[in-house]
Each structure stands twice: as C-alpha cells, then as structure tokens.
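I'd like to ask you about the structure that follows.
Note that the chains take the letters A, B, C and D in the order they are written out, and that residue 1 is the start of every chain.
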Amino acid sequence: MLKTISAVLDNGLFQKFIIGVILGNAVLLGLMTQQDLSPGTLQVFELLDNACLVVFCVEIAMKLAVQRLRFFRDGWNVFDFAVVAIALAPASGPLAVLRAMRVFRLMRLVTAVPSMRQVITGMFSALPGVGSVAGVLFVMFYVAGIMGTSFFHEVEPRRFGDLGSTFFTLFQFLTLEGWPDVARPVIEKLPHAWPFFVIFIVLTTFTTLNLLFGIIVNAMEEAKEEGAREKLAEQGVEMTHESTEMRLAVIERELQAARATIAALTAQAEAAVDVKG
Amino acid sequence: MLKTISAVLDNGLFQKFIIGVILGNAVLLGLMTQQDLSPGTLQVFELLDNACLVVFCVEIAMKLAVQRLRFFRDGWNVFDFAVVAIALAPASGPLAVLRAMRVFRLMRLVTAVPSMRQVITGMFSALPGVGSVAGVLFVMFYVAGIMGTSFFHEVEPRRFGDLGSTFFTLFQFLTLEGWPDVARPVIEKLPHAWPFFVIFIVLTTFTTLNLLFGIIVNAMEEAKEEGAREKLAEQGVEMTHESTEMRLAVIERELQAARATIAALTAQAEAAVDVKG
Amino acid sequence: MLKTISAVLDNGLFQKFIIGVILGNAVLLGLMTQQDLSPGTLQVFELLDNACLVVFCVEIAMKLAVQRLRFFRDGWNVFDFAVVAIALAPASGPLAVLRAMRVFRLMRLVTAVPSMRQVITGMFSALPGVGSVAGVLFVMFYVAGIMGTSFFHEVEPRRFGDLGSTFFTLFQFLTLEGWPDVARPVIEKLPHAWPFFVIFIVLTTFTTLNLLFGIIVNAMEEAKEEGAREKLAEQGVEMTHESTEMRLAVIERELQAARATIAALTAQAEAAVDVKG
Amino acid sequence: MLKTISAVLDNGLFQKFIIGVILGNAVLLGLMTQQDLSPGTLQVFELLDNACLVVFCVEIAMKLAVQRLRFFRDGWNVFDFAVVAIALAPASGPLAVLRAMRVFRLMRLVTAVPSMRQVITGMFSALPGVGSVAGVLFVMFYVAGIMGTSFFHEVEPRRFGDLGSTFFTLFQFLTLEGWPDVARPVIEKLPHAWPFFVIFIVLTTFTTLNLLFGIIVNAMEEAKEEGAREKLAEQGVEMTHESTEMRLAVIERELQAARATIAALTAQAEAAVDVKG
C-alpha cells in the first residue's frame, strides 16, 4: 500500500497534475476577487476552491503516510502543510482572518516547481553570509529610530510620534521615497536637523545596497559553481567546494611542485650524462 | 536573377542605404509630431514617409524572393516583416489604430545594425537563466494582487478596486514610486495593514534586483566569452563553451596528470640509474 | 592585578555580558521613547540606564588600566570612549544637547561583535580605492551648487537661495527624489534651464553608482580573498596578496618556464640517444 | 628659456601651487554666491578671482609656449583652455551668459589631480564598449517619444505637447520619479494607455541599468588589470592585454602541450630502457 502511494507521489504525471490544480486554483481565486459575482457563480467558485483544497489535503496525507515524521524535517513540507492548514480554519470565529490568507496556497507553485524552489533556497543559503551587514543595518535603524523619536516627536507627531511610526518613516527613507516631503517641514522648524536626514540616507542606502548585492552575488556564485560541479560530475571529475581564489592558489602550488620535480629530473639526467661522459 | 538580388542584399552599400532610409524616416516621423504643420507640408511628409515604406517593402520582398520560407525562421526577419506590415494597415476602419504603430518601424534600426542586434540577442539569451526568478516574482505578484484586492478594495477602491487596478498599483510599488502616498491612507484606516506593504516592497524589490542583475551579468559574461572565443579562433585556438569555474577544474586535473607522469618518469630514470649503478 | 583584569577582559563570558548589557540598554532606551510614562517608571528606567552606563565606564576603565595609552591607538576604542563620554555630559548647561546622543552608545554593539566590526572595517578599507571617484563627485557637486545658486536664487529662493540650500536640493536630486517637482517650476520660468537638471542627474547618478559599486565590490573581494587566505593558511599554504589577474600571469609564466625545462630535457635525452646510437 | 618653463611646469611644487589656486578660487566663488555682500567685499572678491584667472592664463601660456600645437592634441589641455577662455568673455554683450560658466574653471581640479583624471579617462574608455546598448536605449526613447506625443498630446499637452516635452517627461520616467503622477491622469482618460507606461518603464529601466552597469564594470576591470600590469612590470614581467577568459584558454593550451612533451619523453625513455633491456 505505502509503496503504491510512494510510486504515485514520485510519478511525473501526478506532480504535473498537482501543478495544474495549483494553477487552476490561482485562476479561481483571481476570478473570486470580482465584486459583482452572482451568488450562484460565487457558490460554484467556492465549490471548486474546496475541491482544490481536498486535492491538496489528500496529497499531503499521502506524503504524511509515506514519510511520517520525516515529513516535517523538510522546510518545504512544513510550508505546504501550513498553507493548507490555514485554509481549513473556520470561516467564522476568531480564526476567520486566517481564511483571507488562503491565497498563500498559491505559493505552493514555488514548492512544486524544482527550479523555483532552488531560487528561494539560493537566497536563503546566501543569508548567513550577509548576516553581519544586516546586523549593522539593524543597529543603524534602531539608533536612528530612537534619535528620530526623541528629536522630532513634537514637531511631527504623525511621522515620529512613537517608535513604531518612526520605524515606518525610516523604512520609507530607506526606499528614498518621498523623503524630502518628510524632511523639509521638519528642517523648517528645526534647522539643525538636516544632518540627521542626510547621514541616515547615505549610510542606510549604502548598507542596504551592500546587503542586497551581497545576497545576490553570493547566490549567483553558488548557483554557477553548483552548475559547473554537476557538469564535471557527469564527466566523472569531482570538483572541490573551493572558490576560484583558492583553486588558483592550488594550481600555483601544483605548478611549482611540478617544476621542482622537472628540475630534479634534469639535474639527474645531466649527472647521468656526466657519469657516462 | 536571384543571385543578383542576393548580391545586392549582401552589399555593404545597400545595407548602409537601408540604415540611411530608417534614419531619414525617423527624422520624418519626428517632424510629423508637430501640431502646427500646414496641410501642404504634411502632404509632403506623408509622401516621403510612403517612399520610405516602399523601400522597406521592396527590401523585404527581395529577402523573401531569395530566402523563401527560410525567411520566417529568423526572428529578426519576422520582426521586420511585422513592423512593415503594420504600416500597410488601412488608415480607417478597425485596423486604423495599427497605423499609430508605424513608428515601430524605426526599431528596424536595431535589426539593421549588427552590434545593436547583439545587445538584444544577449538579453534574450540571458532570459532562460532567470526564468525561475521571474516565476517567483510572478507568484509573489499574483498572491499580493489577490490579497491586496480582497483586503483593501473597500477602503481604496480607486487603487485596489479590482485585480487589474491592484496589479497596476503593485507595479507602481515595484518601482517604489509614491508608495507611501498609497500606503499611508490605507494604514490610517486599517492600522494592521502595514506588514503587507513592507513585506511586499522588501521581497519584490529584492527579487526584481536579483532578476535584473542576473540578466545583465549573464548577458555580459556571454558577450565577454564570445569575444575571447573569437579572438582565440583568429589565432587558430578553439575555446570550449565551458565557464571559468569548469576551466579551472580542468586545468587542475591536467596539472595533476602531468605531475603523475613526471613522477613516473623520475622513478623510471632513478630505476635506470640504479640498474646501471 | 593587571593580569587578572586582562584575563577578565579576554574572557568570553565577560564579552557576552557586555553585549547583553548593550542589548538591555537598547531595549531600555526604546521603552524610554514612550511619551506617556509615569514619573515613577521613568525614574526606574533612568536608574537602569545609569547602571548600564556604569558597566560601560568600568569596562573602559579596565581596558585603560591594562592597555594605558595604547588604548587610544585603536579606532574602535576611541569610538567606545567617545560614546560613553558623551553620556557623562551634564543634563543641563551648554552640553545638554550631547545627552540626546547617548543613544550612540548602542552602536557599541558593532564594536562588541567581531563580524559586524569586520563589515565596517571592510567598508573603510575600501574607501581609499574610491577616493578619486568621491573627489570627482564632490567637484561636480560644488560646481553645480555654485551654478544652481547663481542661476536660480531669484526664481526659487526657498530651494536655491544660498549655497547651503542648493546643496541640500542637489542632495535630493542625487537620490532622484522629487526632482521633477523642483525642476518643473524652475523650467517654466527659465525654459533654457533643463540641461542643468538633466546633465546634473545623469552625471551624478552615474558617478554615485560608480562610487557605491566600487566600495561594495572592493570590500567583497577583500573579504573573499581574506577568507581564502585563512582557509589555505589552515592547510599550511601561504597565499600572496596578489589579485586574480596577477596570479594568472604568474601561473602563465611558471608554465612557460616548465615547458622550456621539459623541452631542454627532451633535447638532452635525444642527444643522449643519438650519442649512444 | 623653454627648458626653464618646461622644468617649472614639471615641478611638483608648481603643480601643487596650481591646485592650491584652484581650491582658493573654489572657496572664492562659493563666497561670492552670498546675496548680501557689501560692494567693497564684492570688489575684493572680484579682484582675487581675476588674480586666479591670471595665474591660469599664465600657466596655459607657458604650456602653449613649450608644447605649441601639440598642446591641443591632449583633450585635457583643450578642456583647460576652454574653461579659461570662457572666463575671458566680456561681462556684457551677447557672450555675457558665458561668464556665468566661469565656475566650470573649478573642474580644472579634475585635470590637475592625476587620479581624478584617471577616473574620467576610465569612464570614457568604457563608453565604446557600451555604445550599442546606448544605441538601443536611444531607439527606444525616440520611438516612445513619437508614440507618446501622438497618443497623449491632446489629453496632457503640458507633458506630451511636443517632442521636446515628451522627451523630458520620458527622462523623468527613466529616473522613475513621479511617473504614477503623470501616468494616472492619462490612464483615467485613455484606459488602454497603461501598457505604454509599463512597457516603457520596464524596458528602459532595464536597458539603463545594463548601460550603467556595463560602463562601471568595464572601467573597474580596466583599472584592475592596469594595476596588475604595473605591478608585474615592476617585477620585470610583461602582461598581455588579454582578458581572464583568454588567459585561462592559453594556460589550458600550454598545459596540454607540456603534457604531450612529457608523454613523448616518457615513451622515449621507455624505448631507451627497452633497447638496453
């Protein structure tokens, strides 16, 4: 029994069917956003949506049956489980708000398509490498948040009234969006406030760029090296996990060793000739 | 006959003539945007524009005569054919709107100049490598579109009234342009809506940067390797399509093999000396 | 005595304690931004804040006792000393404004966490490499500042009234934020002013990107090479401070030398065979 | 006589003096932007400004005397000559507007500091490599300019009234600044206009990024290779102008040749042993 289920799960057709159901569900949820649906149409849509949900529940139940507790060790499975579980929340009561999040179910498309899953994995695997940059950015943000609140909460209570508002305003600054509209009225009242804005913008824009750049470049290099490793593996060559920099250093060392051996060989040959001579 | 046409088409002068006609046509269409043209001038311009069109038609007819159905296998030819065909649409009737698109004809300049054609080819050839990133971005966009419409269609019908409006608003968010002007009134009415905006902006800005970056870097590397390959081909050396990473791995392997051979040789030489000794 | 202090300072637990105090102080200063605190709560918070300050003072005094004047040779120590000294400024009198800067104390987190310190060091070490680009940007800015003030101080005194206002406006242009709102009214009065805005935006945006890019890429390469060097050092291989470009040139040279030696060896062997033959 | 002048020009102190005069002139022009200068102060400033100008004239006259017509072959000299010549324009009459451009004189700082000159040279030398991308961008811009003018000149005459206005508006779109404020009113009147804005923004933003990126990366690589070449030249090693890609291909080829030679040597040695055996 379990073997049959396992075979079905690994079947390419079954996987395509699931992707199809996700896409169908996406179209369905899109259509359901229309405001002027007749009650009948809406009922049909709800029915179809529930059918999709049943398919997802069955799929997850099958996976659970086969993999049991191992199922929850894979983050993607946990994600799938969570987005399907959300949809099972009752339509009324305190959990009703969760129903609005049933649209997260469409993100299962990312889980179902391996190449899209790799994109997300790549980004996550690049995160630790930039953790310190994120830390620096967070410290800047927090310090600026406290300074902004204590300096400007009186002149601009709507934007700097409390720590939460200030953080939202500073996030707006981070995107550079409309910052002069926020800064100019403050500066008109507190003329010495301009360095706060200029320094915050210069430092955080730079650090954010650094952060984004670091993640993207790390993820891209990881992907490229992974690709090269796979290609070489096909040819039966194993590639170490070393970087270009290290590989060059190793080649240099190898080459020096080779030259030394050759030099020794030459010396030997000359000695041999000498002996014979 | 066909040979003569083929010779004319390959002639550098003819190609320069076509580029000249495109440029002339560009100036002409620029002048025709003026609102205060006298009917006489306008008629002259229309006449000259039609003359340009005739030249393009003749050129395409010549190409069709030589290449026949092969003509349509090249995407650039299809593009040229399409933009010239648009211009032949009747000035009135349901296809009249197409006439406004006769300006697309100027894009033939890109087709006619090989180095510009290469830029576009490079971008297109880089697209498959970022298809998954684009897919992830699309899923984010669609999910956010449905969520935005169902959450905010009541408080901000102009911007989140239906799926189409929400997508346009989210595209605006993607460019970061004026997002606080959209978000602040919504947040004032629904204070718990702020994570929607912050998370959407952080995730999509990052994914978009990733996407743009991926395309640009891929296209640039492709171009650089292509250049190196051409240069080496001139010197009679063939370069494989492998990446820097793979090439380094191959060099490393080659070097190890060389060292092994040398070591064997040394051992042999020593043995020979021993035998003689 | 000094040895004991030195041992305490180097102790991992002590360092974690200091990081803990900084984090606690951060939460405290965050809570103190609330406007509606009862006097009692505020007093408790002030007390706790002073306790944190005492901890920092003791830590710095300990470091000073051990390292004496060497203490001030390390920029990070100077930074720590300065931010703690600021907090000791009297709550009233001309230095009262400095008290508002006690939040800078939280930046000690960056000093205390080695990986975050490295991020800042990396950025600073990348600065000299882009000094010339920054210089070019500064010249552009200064020239545009004088031009903008003398051209537009009459038509837009609020934004171009004096050199200071113009610099702030140009900084706003640098972030591209709201530049059309500034430029359009000026252009309506002085129609020939548009090249000033277009050229300034194109040149400075480009130079700024160049600058940011240069710093980020330099810092990243530095970090990557540093990582490779450390890894190789663990394996007992020393890596020179040379760039990839130089390393490749060295490998090329080594290889040519090796080939020459081998060729000589072959010639010798052939000669030996000939002699025997 | 010429030799003495030439010696003075090459003297480091003289060059520092010129840089000093430029910096002094910069401060002076900055001070002269103040609106409330007394006539006396203004006169003193004018006098000092003229003194600076005299120094520049003498410097250029000296260079002209030494280099004669060769002087004009160097673009930097032409630039210096032009910015000084502008300052000599009469204060009244049709050329009076040129006087406002005397501030360009400060750009001589870039000419006078070699490392800043290199930044500009690097950018210019990277331009040909991105000429095709710039061409594609220009074609997009021109086509969109004509389309925008013919589609929207009626509904939004202020922004799309003629080709010039449309180009300025499209440049604004290129910086993404305030594009929704321009696009929304147009779309409200012409609901089918949205693809024009979305497609234009996506394509040009991408192409512009491609362009900026290409210039910056090219210039940085050029600078890095230049640096490596100089370092190697100090060690007496010549580095070819080849790229990393080509250098790797050459190393690969060299290595294969080396292995072939070694293999031949081994075969020979074995044959020799066999003969003896």
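Things to note:
Criterion: a residue touches a chain if its C-beta (ideal position, glycine included) is under 8 Å from a C-beta of that chain, and two chains touch if they have at least 3 such contacts.
From a predicted model like this one, the values you see are computed outputs, not experimental measurements.
Counting every residue number used by either copy at the chain A-chain C contact, under half are found in both chains. When each chain is reduced to the average of its Cα atoms, C sits farthest from chain B.
Computed from the mean C-alpha positions, the centre of chain B lies at a distance of 37 Å from the centre of chain C. Annotation: 26 Å between the Cα-based centres of chain A and chain C. Computed from the mean C-alpha positions, the centre of chain C lies at a distance of 26 Å from the centre of chain D. Among all residues of chain D, those that touch two or more other chains are 176-178, 244, 248, 250-251, 255, 258, 262, 265, 269, 272. Viewed as a network of touching protein chains, the structure reduces to one closed ring of chains, two contacts apiece.
Contacting chain pairs (ordered by label): A-B, A-C, B-D, C-D. Partner chain A is touched in their complex by these residues of chain C: 26, 29-30, 33-35, 100-101, 103-104, 106-107, 109-110, 113, 115-116, 118-120, 123, 168, 171-172, 175-178, 212, 215-216, 219-220, 224-225, 227-228, 231-232, 237, 239, 244, 247-248, 250-251, 254-255, 257-258, 261-262, 264-265, 268-269, 272.
Residues 131-133, 135-136, 139, 142-143, 145-147, 149-151, 153, 161-163, 176-181, 187, 194, 198, 201, 205-206, 209-210, 213-214, 217, 242-246, 248-253, 255-256, 258-259, 262-263, 265-266, 269-270, 272-273, 276 of chain A are the ones touching chain C in the complex.
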